[in-house]
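Chain naming follows the written order as A, B, C and D, and within any one chain the residues start at number 1.
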Amino acid sequence: MNIPYTIEERPDTGLTNGKLGIWLFLASEVMLFGALFSTYIILRVGAPEWPHGELNVWLGMANTFILIGSSVTMVMAWASLKLNDWGKHRIYLLATVLLSAAFLVNKYFEYAAHWTKGELPDHSTFLAIYFTLTGLHGLHILGGIVVMLYFLGPGAGLYKKSPEQFTNRIEYTGLYWHFVDLVWIFLFPVLYLL
Amino acid sequence: MQTFLSMFPIQASTHAAEVDHMTILVHWLMLVLFIGWGFFFVFVLFRFRKGANPKASYTGAHGKFAKSTEVAVAVIEIGILIFYAIPAWATRVKAFPAESQAVVVRVVAEQFAWNVHYPGPDGKFGRTDIKLVSADNPLGLDRSDPNAKDDITTINQLNLPVDRPVLVHLSSKDVIHSFGLYEMRVKQDAIPGMTIPVWFIPNRVGEYEIACSQLCGLGHFRMRGFITIQNAADYQKWYDDQEKELRPATTTANP
Amino acid sequence: MHSDQESIRKTIKTYWMIGAALFVFTGITVAVNQVHLAVPLAITVALIIATTKGSMVASVFMHLSHERKWVYGALILTVIGFAILMLVPSLTINDSIGTPIHVEAPAAPHTGH
Amino acid sequence: MDKTGIHPGGEHAHIHVDSHGEHHEDLGFWRKYVFSVDHKVIGIQYAITALLFLMFGFTLMMIMRWQLAYPGRPIPLIGMWLGQDRAPMGVMLPEFYNQLGAMHGTIMVFLGVVPLAVGGFGNFVMPLQIGAPDMAFPKLNMMSYWVYFVGGVTMLVSFFQKGGAAQSGWTSYPPLAVIAPGQTLWLVGMVFLITSSLLGSVNFIVTIVQLRAKGLTWMRLPFFVWAQFVTSFLLLLAFPPLEAAGVLQLMDRLAGTSFFMPSGLVVSGKPMLIAGNGNPLLWQHLFWFLAHPEVYVLILPAMGIVGEVIANNTRKPLWGYKALVYSVSFLGFMSFIVWAHHMFMTGMGTTMSAFFQTTTMIISIPSVVILTALLLSLWGASIRFTTPMLFALAFLPMFGIGGLTGLPLGLAPSDIHLHDTYYVIGHFHYVVAPGTIFALFAGIYYWFPKATGRKMNEMLGAIHFWGSFICINIVFMPMFIQGLGGMNRRMYDGGMQYAHNKELLKYNIWIGMAAWTLGLFQLPFIVNFFSSIKWGALVDKNPWEATTLEWSAPSPPGHGNFLTEPIVYRGPYEYSVPGAPRDFTPTFEPEKA
């Protein structure tokens, strides 16, 4: 017995289950990061002074470029499927994985720089919130990588069986990925510049 | 009125009556609503049981009965808000007495005791520093500070004169406690990292208690302090005795 | 199906353009940051740019520019919730009658700033 | 087979009644009953687990009530087995009392009522009521159960760690929660429970939006489905902030950060070596941002169940269905802006306290509308006092008492005296215990036949009801008197040291007696529940002569639920339609049936 509207859209809502599902999931993610941003505001307003230039803006900017790039490749990976160009899709998806990996490596160097200076989360409110926010965001990146690797590897088989469903799944992955990118677009100025 | 009042602790501050009056008013509203609905409820259960009414009516109840009750409830609630609740709260958190007219005290909660700090005759609180905190100086009061010389500190004992406004600067050393004076209808959380002003006018000489009203650990249940409300003369006497005890203490305190 | 592919081909161009635009905006934010503005101004500028970038990602990459009403509905609720979460707690904390005590951290684990 | 959910096995499942909704394709025991993806099996798993947690949470409370009734007296029977660090010589220690309190609250709310009301009833009933073959994401559904299970186990295990379970109240206010033992596992457990709820709520919303049967328009949805729909949105949007807060508190405990820790803390005489500059009130905001919507998560499904049962047993449509739907939605929305009424005593200024008092008063209106509608539904009825109906009817005045006593709490000045007293305990227990718990009992008696193909025993049901009804009122009514008298909650010795409590202590003995008797009166239910699975009277599709879709499926429904594609022709509660052959006209019957 199978569930309706996993592949085709329900006429009156014009949505597949997965599409609505991923958006609702993102809604909850918005509230999750919202709470953390709210925390940031309250702690910053309450703090006697707030450090400036704690972080390496250039590394941060590099990571911003990387993530934006990965968003483009991700959307291209989906578009290529729409044009049933399997080869291009593989390339773009792989590119996305590589870029996100680069992001994490870069982040690791940033973290390491702090650790060597003995700057751990308990050092100051700023570092506490910095490590928490970026750490959580990093976990989201990691999750994205796992999913994409799945669609590059074992998950790819689905394309043979049901191209539409596979394309849908790549689209949902993309939605998630763009959201992670979007969060970073706010994290970058908030943590690195202000 | 009386039946309700008898349930409350005695009223030992000027605003206690106002607070109780509002509470009781709301309870009358609740009671009326509940009895009204209750009667209706019991009646329909009896009247429309299967035995009495084998065939149910498809349309059921008519009339604006529901609307009107709902509107009534809404209106009454708005009334209570505007004419009682909001103004009454404003007087609690806005209309503080001037430091000059009031008896000003610092109360610093800790697990599981109430540290009381009087400014002394100079009316100035001495400097405190957490580095100086020790068993016999729980407030970390720096006796070398001139303002601190005449400061009185007590533990779990708050003496206050009757009929004079009291302004308490409330804070906590460790976790959140709550400064609950049931007979005074006063309750205010003591939150570490901030001082919160509390004011009231005790109007009844007697012995009362400070009940910690926020879970603060194992000792929460025994975190009890005492308030003694005295007439002006007794209070002054107590105050002077405290000052006398202070003299030797201060000379030995700092080298 | 074919027309569908046509439209995709067209949108692909927009994807690349948006990507480029995002790069540029990122550059601008950093540049603005180099000329040290007054903090409030800097914050407004940075947040305006970030919001623009964010809405570009959302509307183009995430196809929010043309979505179904149920997605919009859910997102509107979320936006309201988000706004409440941003505003009300800070407002309430700032409306406190208490005054914060700022003590220099006692021998903090590592020397503070 | 096709997506309408027709399948050959259904027929067979229909005749051969068995208590678990048998499948035709024979997956092994594990796939079928343990790691099943069938919403009915998962719903039953949720329900049983939650009921066991309810029983456990109640047991904790019965132990607490002993200490409150007879402070310092050795606990009978189990006292000796509690161990030296909990109750030496059977006499309870304060730290153990605090553990019991915190865990009772946590277990009842997060492991008992919500999983039963949403995970249990939501999972089992909702897809049937909307004519869906299953939930939209069956695997996700299974995952959310097992994540919940892990969270529950974590909470239970936490009792056995060194220093015992969490002991800072279910509200876990820092700084206490950050320095007190037991909290870490509590936080970990909560993260699991929250994740489970989030997975669940996504699944519920998608299912309701996407998988409604042909002809099942929004205004034809059973009230219960509406309640579940709003509830899911509350969970979806209110839980993440607590998850964030949980992570932050974990950081404070494990990484030594000070999100919630201000500067200058001196704990037991020694300055704390932390960076400081945190804000304890921040936690309270994030916690109550969830926890107030959460209390409506506790009540809305209950209201839904009561609506279904009342419509069925009054044999007439619910009065003001539209008003009910709008009120529930409005209630859900408002519940996001009242939370700080739990925080009046933290030193709130006039503006914000005025705001929260007003929103709190406003939110009471939709509840009044809902209760009034349910009450008026009784007018002109032909009431059958079946066991589910008894519980559903009791819900009305009980919720009334609980709700009305919320009003003085919602007004800051009267809250000065009542905050943190037993008045609050009385208030919310009237809503959650004789309110929600009774509604859940009603639901169990009402849908048990659908789940098992057998009816529960009415006689035992009546005993269970009257016993519970009387006892539970003796338990909670005196708490209002104690509260008005100024007796604090969370008191290890019941507050016996305080002069103003002297008169009030005697009630603790009655309450204790009543609470233990209440426990005894659950035995008929437990017996009834398990024996009926085996020996209960056999029933067919529609034993209650009800109108909603779930009753068109076999009892128990087979895999895929419906034998023929369900189609909805009319509103949910077409009872006693003038000129109709019978006093009920199911939604799933074509015009000229």
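To be clear about the criterion, contacts are C-beta pairs under 8 Å (C-beta built on N, C-alpha and C of every residue); 3 or more make two chains touch, one makes a residue touch a chain.
The model shown is predicted, which means the values in this text are computed figures rather than measured ones.
More inter-chain C-beta contacts link the pair B-D than the other of B-D and B-C.
With centres set at the average Cα position, the gap from chain A to chain B is 49 Å. Between chain B and chain D, the centres computed from C-alpha atoms are 33 Å apart. Between chain B and chain C, the centres computed from C-alpha atoms are 43 Å apart.
We define each chain's centre as the mean of its Cα atoms; on that basis chain A and chain D are separated by 35 Å. In chain B, the positions touching at least two other chains are 93, 130-131, 191, 193-194, 196.
Shared interface positions of chain D, i.e. residues touching 2 or more other chains, are given as 205, 209, 237-238, 241, 256, 262-264, 271, 274-279, 281-282, 286, 289, 346-350.
Under the contact definition stated at the top, the residues of chain A that touch 2 or more other chains are 13, 15, 20, 24, 27, 31, 34-35, 38, 42, 46, 48, 120, 122-124.
Pairs of chains meeting the touch criterion are A-C, A-D, B-C, B-D, C-D. Interface residues of chain D, counted against chain C in their complex, comprise 205, 209, 233, 237-238, 241, 256, 262-264, 271-277, 279, 281-282, 285-286, 289, 336-337, 340, 343, 346-352. Contact residues on chain A toward chain D in their complex (touch as defined above): 1-5, 10, 13, 15, 17, 20-21, 24-25, 27-29, 31-36, 38-39, 42-43, 46-48, 120-125, 128-129, 131-132, 136.
By the touch criterion stated above, chain C contacts chain B in their complex at residues 96-101, 103, 106.
For chain C in complex with chain A, the residues that touch the partner chain are 4-5, 8-9, 11-12, 15-16, 18-19, 22-23, 26, 29-30, 33, 39, 42-43, 46-47, 49-50, 53-54, 57-58, 61-62, 68-71, 74-75, 77-78, 81-82, 85-86, 89-90, 93-94, 100, 102, 108-110, 112-113. Listed in rising order, the residues of chain B touching chain D in the complex are 4, 7-9, 18-20, 22-23, 26-27, 29-30, 33-34, 37-38, 40-41, 44-45, 48-50, 53-61, 65-66, 69-70, 73-74, 77-78, 80-81, 84-86, 88-90, 92-94, 110-111, 130-131, 133-135, 138, 140, 173-176, 178, 180, 182-183, 185-189, 191-194, 196, 209, 211-222, 224.
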